Structure formats: C-alpha cells, structure tokens
Amino acid sequence: GRGITVESRDGNYTAHLGGRLQVRYTYTDKDEPGAENSSNFNIQRMRVSMRGNVYNPNLYYQWQHDFGGGGGSSLKDAVLGYKFMDELSLQAGQFKAPTSRQQLTSSGSQMFVDRSLADGFFNLGRDRGILAKGAFSDNLVEYMAGVFNGNGENRSNPENNHLWALRVDINPLGRFAMDEPSFNETKPLLNLGASIATTSLSAADRNSVNSGLLSNGVNVNNIYRMDDDGNLINFTNSNDVDVWTATLNAHFKWMGLSTAAEYYFANIDPDGASDWDADGYYLQAGYQIVPETFELALRYSAVDSTDAQALTKFDQNQFQIAAGYYYKKHRAKIQADYTIHKDDLRDNRDDNILRLQAQVIF
Amino acid sequence: GRGITVESRDGNYTAHLGGRLQVRYTYTDKDEPGAENSSNFNIQRMRVSMRGNVYNPNLYYQWQHDFGGGGGSSLKDAVLGYKFMDELSLQAGQFKAPTSRQQLTSSGSQMFVDRSLADGFFNLGRDRGILAKGAFSDNLVEYMAGVFNGNGENRSNPENNHLWALRVDINPLGRFAMDEPSFNETKPLLNLGASIATTSLSAADRNSVNSGLLSNGVNVNNIYRMDDDGNLINFTNSNDVDVWTATLNAHFKWMGLSTAAEYYFANIDPDGASDWDADGYYLQAGYQIVPETFELALRYSAVDSTDAQALTKFDQNQFQIAAGYYYKKHRAKIQADYTIHKDDLRDNRDDNILRLQAQVIF
Amino acid sequence: GRGITVESRDGNYTAHLGGRLQVRYTYTDKDEPGAENSSNFNIQRMRVSMRGNVYNPNLYYQWQHDFGGGGGSSLKDAVLGYKFMDELSLQAGQFKAPTSRQQLTSSGSQMFVDRSLADGFFNLGRDRGILAKGAFSDNLVEYMAGVFNGNGENRSNPENNHLWALRVDINPLGRFAMDEPSFNETKPLLNLGASIATTSLSAADRNSVNSGLLSNGVNVNNIYRMDDDGNLINFTNSNDVDVWTATLNAHFKWMGLSTAAEYYFANIDPDGASDWDADGYYLQAGYQIVPETFELALRYSAVDSTDAQALTKFDQNQFQIAAGYYYKKHRAKIQADYTIHKDDLRDNRDDNILRLQAQVIF
C-alpha cells in the first residue's frame, strides 16, 4: 500500500509512515510600479507524517511535520486521542481548530492549487488544545467542539484567555467527505455547515499569534497600536480585544460536478475602542470533463474590512480559473490555476498570478 | 510491536522507528504583581527516533529529534557506537553526558510530570563527544566516562577546553533500570550512584552554552560580565572559568514503593575572581496504590547559590505532589502534579503551578 | 537490508526509509595571532531520507532532510519525477543542480573526510527547479539539464532571472559510478565530464543566495556594495550581475587506484562595472592498500580570484593527506585527514587542520 504501514493481527497496533510533496511554480505579474515580476519554484509542502493506534484500536496518535513550505520546518499535527464511540472522540495536542470547511479540507484535497483568498484571511488554522468530535446517524450530523490556546500554530498562550470553537455539519444525503472534487458520486450529496468561535486577546498575546484570522483578518499586532482617536497607545492588562468569528457553507456534488459556497464573518471589539465587522466569501464550481482524470473549475473570492472604525482595513477580491489532471486522484496529480487579484484599497496591487503544481502522496 | 520495526534473520540488521508524544496543560498562578496568570496547552515533547544495528549485532546507531518542545525543533541524539563486550561500548556523537541519575532517566520514565527543580539547574544535558560505558558482574557496577565539547546540546566548541565526565552506579541487589516508579519489583532494589565532571570555559564560550549547569547553575553568560569588584570587564583568552560539578544519589524500590534522593554540587572559579559554591537536591517518594495503574508521589527540591562572592545568585525550592494513571506503564499514561514554588531572593515569585500531561510512546 | 524498506509484489510501490550519520572531530591549529585553537566534536551530517516509487515503477519521489549539520536542520532533497525511458527522466523540486562531479558525488562517498577547497568555492549546490536527465548507449554518455531559481538551497526566487545549467559525462570504458574510491574495479574505468551554467542576479537576490558559487566564489552580497570606482552604491533593478561558470573533470579508476582532476571557472560581470574571472581546481589520488578495507590518499586544491577589477578577491590552497578504514565500504567507515591550508592574501590564516570522522549509512 502507501508509505510504510505495519499492523498487528489483533489490530491493537497500527503504524503508518508517509508523506505529501507539493512542488509549485508561480509566476507573479506585479502591478506595483518598480516591482520586479517573480518567477519562482517552491517546495510548497513537504509533509512527513506518522500515525496509528497503540495498545488498543481506539487509542490513536498522529504526528505531521512540514519540512518544506515557505517558512521552513514547522510542526503541524501532534495528536493523542481516544475514540469512545462513533459519537465521541476526545483528543489533545496541536491540530486544526473547528473553523471553515475549506480550511479543514486537506491542502492535498483541493480543487485549486491552494485555498481561497477568504480562507487565507479568516481561517483559525492549527492551535494547541483539546477537542471533542463525533458523528450521529450515519454521518447525518457531525460536530467538533474545542478549547485552544487561541494563539495559532506553534504558539504558547502567555495569559489565560482561550479560544472556544464549535463546528456542526449536516449531510442530509449521506456522508460528505472533506474532498473538493466530485470523483465518482453516483448519487447527489449535500453538506451544510456552520462554525462559530470566540476568543479574547490581551496585550501579552501581541506578536505571539499565528493564524489567518488573527494575523490577517484581525491583525492583532496592528490593532494594539491605536486608541479611539487613532493615537498610538500602550495597552495594559485591562485592554482586551474580543473577537467573534463564524462561517457558513453549502457544498454540493454529483456526477463529476462539485459546487461550494462559504461565508466568513468576524467582529473585532477592542476594549476602549469601537468594534467593527470584517467578512469574506468564496463561490466555486468544478466539473470532471474526463471522469477521475481531467477537471476545470472557476472561483470568485472576496474579503472586506472597510468599516470607518476598523483598525485593520482591506478590500480585495480574486477571480480564479483552474485545470487539474488527476493521475491517481489526489495521490498523484498536476494542477494549474490563474488568478486575477484586485486590491481596491491600493490601486497598484492588482497582480496576475499563474501557478502550476505537482503533488504526490506517498 | 511498537512503532515500525524490522530485523534480519541473522540479527545483523535491525531498525526501529518510533516516537514519544507528551501533550501538557499548565496553569500558572503568578505571584508577581501585574503579571497575568497563564493557562497554556503545549506539545512538551514530540520525539521521533530511529535506531538499530547495522552489518553486525554490535554496531549500533541512534537518531532522536524533538519536533515539538518549548523551543521548537532540535536534534537530541545522534549516536554511532560499537559494543565490544558487556564491559565496554564506545560511542561518538551527541547524547547525554554522564551526570545525575534523574537527567539520565528518560523524560518518558519519570514519576512526576517532569524532572525536579534541582535537576533543571545542575544537569549537564546533552553534549557532543565520545563515551565509554559498560557494566560488570551482572550490573552490580556500571560506569560511563566521556570527553565532550562542554558547551551543551547542539553547540560547537569554539576553543580547545573540553568537558570530562564520569559516572559510576552500584546496584548491590541487582540491575536497577533507569525508570522512576516501582511497577512490579518482587524483591527490593537499591541504586547508589555518583557523577563528577569538570570543564574550563574561555571567553569564546560565552553565549555558546546550552545546558542546565552552564545556563542556569553557573550562568556562564552572566559571570563574564563582572570582575572582583563587581565591575563589567572584557575577558581575554587568559581569563578562564573553571567549573567542577558532582552528584550523589540513593534510589530504592520495592513492591510499588519508590524513593529517591539526589544531591548536586558545583564549584565555579573564574580566573581573577573569587570562586563560589552552588548546590541543590531533591527527595521524592511514590507508591503504586493500584499496582501498575495508579500512583501518588511527593517531592521536595531546593537549589542554592548564595555565597557572598557568587556572581550567579539563587535560592529557590519546590514542593510537589503528583498523581499518575498508567494505562500501559509509561507507554500510555496520564499524570498530574501540583507545584508550590518559592523564590527566597525575589519575594514576588512564589508561583503555584498545576500541570496535566498525557503521554504515548509509539 | 538497509533501513526500513517495503515493496509491493508488482513493483508499483516501493518505499525506503534510511539515514546517514557522520560524527566528526576537528582540531584546528589557527595561525591568526590571538585566535584560540579549537577542538570540536560535530554532528556533521544527520540525514534522514525516504524515497520510492508510487502507483507506477517510473513515478519516483525522494525526501532528504539534514537534522544535524553545522547550521541546524534544513531540507536537502524534495524530488518528484517520472522516468520515461533510460534516455529521459523529468523531475521537479529541490535537488543538486548540474555542476561539478565532486559536488554531485554524495558526501557519503568521498575519499577524504569532505569535499575539496575548490568545490566549496564553486559548487552550485542544491536549488529549486526542474531537470531533465538520462543516459545513452549503456551509460557511455550521460546528461543533466535544468532550470532553477538560481538562489541556492532553500531559497525562493524574488525576481524572474533563472539559473540554466547543463552537465555531460562521457564514460568510454563503461559506467562510472559517482563514488570516489576504487573498491573492486577489475577493468579500468574513465570518466570525462563538463558542466556549464549561467544566471543573472538582480538587487532583489542580494542576501537571498545560498550556494558555494554565489556565497563564496562570487559573493553576491559583497559585489553589490561597490561600483566601478569602488564606491558603495545602491543597485537598482537595471543593475544585474551576470555569472557564467563551468567545470571540467577527468576521473580514472583501476584495481584500487583512483585518480581525479577537476577544474572550476567563473566569470562575473556586474552591469556598470568591469567583469573578472575566478577559478580553482583539485588533483587527488588514492590507493586501496588493503582492498576494500584500507586506503591512503593525497589531494591538492587551489582557488584564485585576483584580477585587478575583482570585487571578491581570494587566493588559497590546501594540501591534504587522508587515511580510510572501510568496514563495509561507505556504509560503515572511519576516515582521517590532515590539511595544510594557505591563504596567500592574508598571511596569518595558514591553518593546520586534523579531522577524524566515523560514518554509518543505515
């Protein structure tokens, strides 16, 4: 089979070692005057993982590390959990917090070369904490609920505020896997999902956050710098920032057609300053022109934080077209996409981006 | 079995891939005015290791890397060795230098969530060098003797002074494994051990040390800053700091009861300044109330460097109580401990710490 | 066999996990007044790799990471490729660019403790890009041709200039493996090779290069600092630096004798400043006094960049003598070498260096 896998006869021990490599070429046609266009080969992801169960079919662990990506080597997943029943597993460690469906779908199972603009701004990413999860009635209803440091991937919590996050999925037509394309669904499938999360950040969290929501959508490091009058201030322990975020999605698949719509919302409320809203969404559709082999897809995504009182302002959108050649579904595939990126707050940042990516899962 | 293991029929080749994950939750009730209490989930250790022997049952290697801990990814062990006989193995690479028994006992085999305060101040940790080790008379006597860079884990030696270290263990009642709890000893076991080490540090070593002893117990970076009159000085090549350290321990186990006492001593003698002594110790006892399943334990540890001429001063102690649930001994366990930490030199640093940790060895 | 290897019966899946450990001791007798001699143990290389083919005997991947070396953990190889026929494989990712033969020969298959002085100054090292390679007429002719970021190992390309590189090997007497010693050649073997490469660097590449050629031979970071008159200047986008480099080699092996000669050349032409040449070479010979067991070897290597207009100047040479004990060829061996290093531009940098290294491949 794949990677290196061992299993004891009684199933009490299993271990799997494998990986996922994404080699990407990106050409960026920059709009900014004086900026050079860039033509870049990158090891976008070089993941190695080991997972299995020990001493019991229900006691599971997982380790996943990224040895390649843009930012160098970093721990992704470190999970220790126990499955009590289909309706309840408990796990602790570092892994993805309940958030948008696109974020929770592996970067190896996307229809485009990577996730959407909106997901990049509003995802919770990975965090350290504990999670309960389960499924009812043959996956008709699935849930995840957890408490986390609330500082993002590979970050400690310097104070005692936590992130609380919940996600519920409803699959009225049967189990809907976290996999964007429609490979071979002979009956229609529908997924309706929602997630909600809240956290409170104090001055100690500044410069210690690492997630899409906190780094981009909220930009915690930035909002600490201004008060109601827009002056630079020194926050003290009493000056917390409350953050609420939510996502909603509807996904549909049938006979090679796959459509998805997902909406992201955040409210940011610094103590002693006005609150503001930010939001974003994506709409995407793909069709397998040659079943399980060749696919075309379109996507539009936008993000907006333009309230007058917003301390983090942005207004961007992307239109994308993608083509995918699947040699062995996601296990060996080549994808290309073309992005027209518009930044409505900065006229000269309307870049055009071509990406070509080869992936192997071993 | 555990992890992924392969072995040739003749035993000339073996290879084992496995790991150890410690997920920890820590609540720190800080005494310092204005400091926020912290509530933190951490991947304390995410170790992956590969080890075995090649071309010969006696030619062994080991690689162990930590992908998780507080400080990010770092190499732990890289060992290449040959076992000539029970009485003599020679190995080179990076690994733990001969030092205290608690330090040499794996962090996965402790009775508390982690090692003691005293061990944190005085351990030699890992270093790069060569080691001879062996056992005589059915483990009645064991020894380790080595020469190392003397700069600690993952550090090169910028000059030509080395660390020389020796440890001897006596086990009058039979082999005494490096494992703190008493799981199933049907006869009493006793271990008496001592270690001694010395090194000399020159100006080039400053800011290039990484061990408990050099970073905390001696604080090499700090002592280079003052002369006899307490003035800041520039050390030259002739201004070395001589360090002597020693440990002594007595461990006893029987029928679920496990007791340990270990003493640490260091003398620090900067050339051109007065020398001083620092020391520490811990006393601990645990009992398996439900054999191989549930344990309670107590520990007291203290460290002291209060000589008038000491350039690195500290005076701290910790009282700790621990409970452990062993599902498969150390291979799958949950531990909790509560610490009352007192800092006698800084009134407002008397923290209370609650720790909860789940461990799996795979 | 070695490491951990699995293979499906049809050969469509194979996976191998293994590693290479080099533990090195180095004594450096420094000529520089006031400099301390250094005596250092190092984990020179602690490589772990996984490689194989998936879903098809010709679809191959490779991951190799260094967990030890001087500079800490870093990605070495991440390769995804397809072998269409003996004459053509295509691969993408990070790996060595076509360059000198000594650089392309694994550090684990050298006759000395490490590569030559000249190779350290002029090698292209690893880069990210795409490569075509193949062999004709039973390895009589071999070639590699690729396009790369041109910034070296683990570097993105901030602009759109690329490195183009080609290497051709001719083996008139049959296949000549990338392995320096002569273990058991019963007939004479000859290799004649040449490589050529060119890249153009703009201001954006400054401080973003990581290869022997760009960091040492050209020192891109340095040449950006001066104009024709030797004044410090700010380069703009129009101020590129064109670099041409080439290597030539002749290798011969027979009955335990192994000789090699390799020449390196570079021309560096900053826009708006005079161009200059730099070059280097090594000559080495070794003989297996006890076949497949004990070897003695000699090497002389020199590098030179002394043109009047050169912005990066150097003039160094090394004489080296080596002894090697091969327990299982390169898989388990101990090597020692002694180096007399002369720096003709800086009188007080004529160091003597003793190195001792143990290697295991598992």
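Lettered A, B and C in written order, each chain numbered from 1.
Keep in mind that, in the parts below, contacts are C-beta pairs under 8 Å (C-beta built on N, C-alpha and C of every residue); 3 or more make two chains touch, one makes a residue touch a chain.
Note that the structure is a prediction, hence the values are computed from the model and not measured.
S.K.: Chain B and chain C share one sequence, so how far apart are they rotationally when you fit their Cα atoms? Give it in degrees, rounded to a multiple of 5.
M.R.: About 120 degrees of rotation relates the two copies.
S.K.: Look at both sides of the chain A and chain C contact and report whether the same residue positions are involved, with over half shared, or different ones.
M.R.: different
S.K.: Would you kindly tell me how far, in whole Å, the mean C-alpha position of chain C lies from that of chain A?
M.R.: Computed from C-alpha means, the inter-chain centre distance equals 39 Å.
S.K.: Residue numbers in chain C touching 2 or more other chains?
M.R.: 4, 17, 73
S.K.: What part of chain B is in contact with chain C in the complex they form?
M.R.: Per the stated touch rule, the residues are 4, 6, 8, 13, 15, 17, 50, 52, 54-55, 59, 61, 63, 65, 73-75, 78, 80, 92-94, 128-130, 148-149, 154, 156-160, 162, 202, 204, 237.
S.K.: Help me check something: in the complex, which residues belonging to chain C touch chain B?
M.R.: The contact residues of chain C facing chain B are 1-5, 17, 19, 21, 23, 25, 27, 34, 36-43, 46, 48, 67-68, 70, 72-73, 327-328, 331-332, 358-362.
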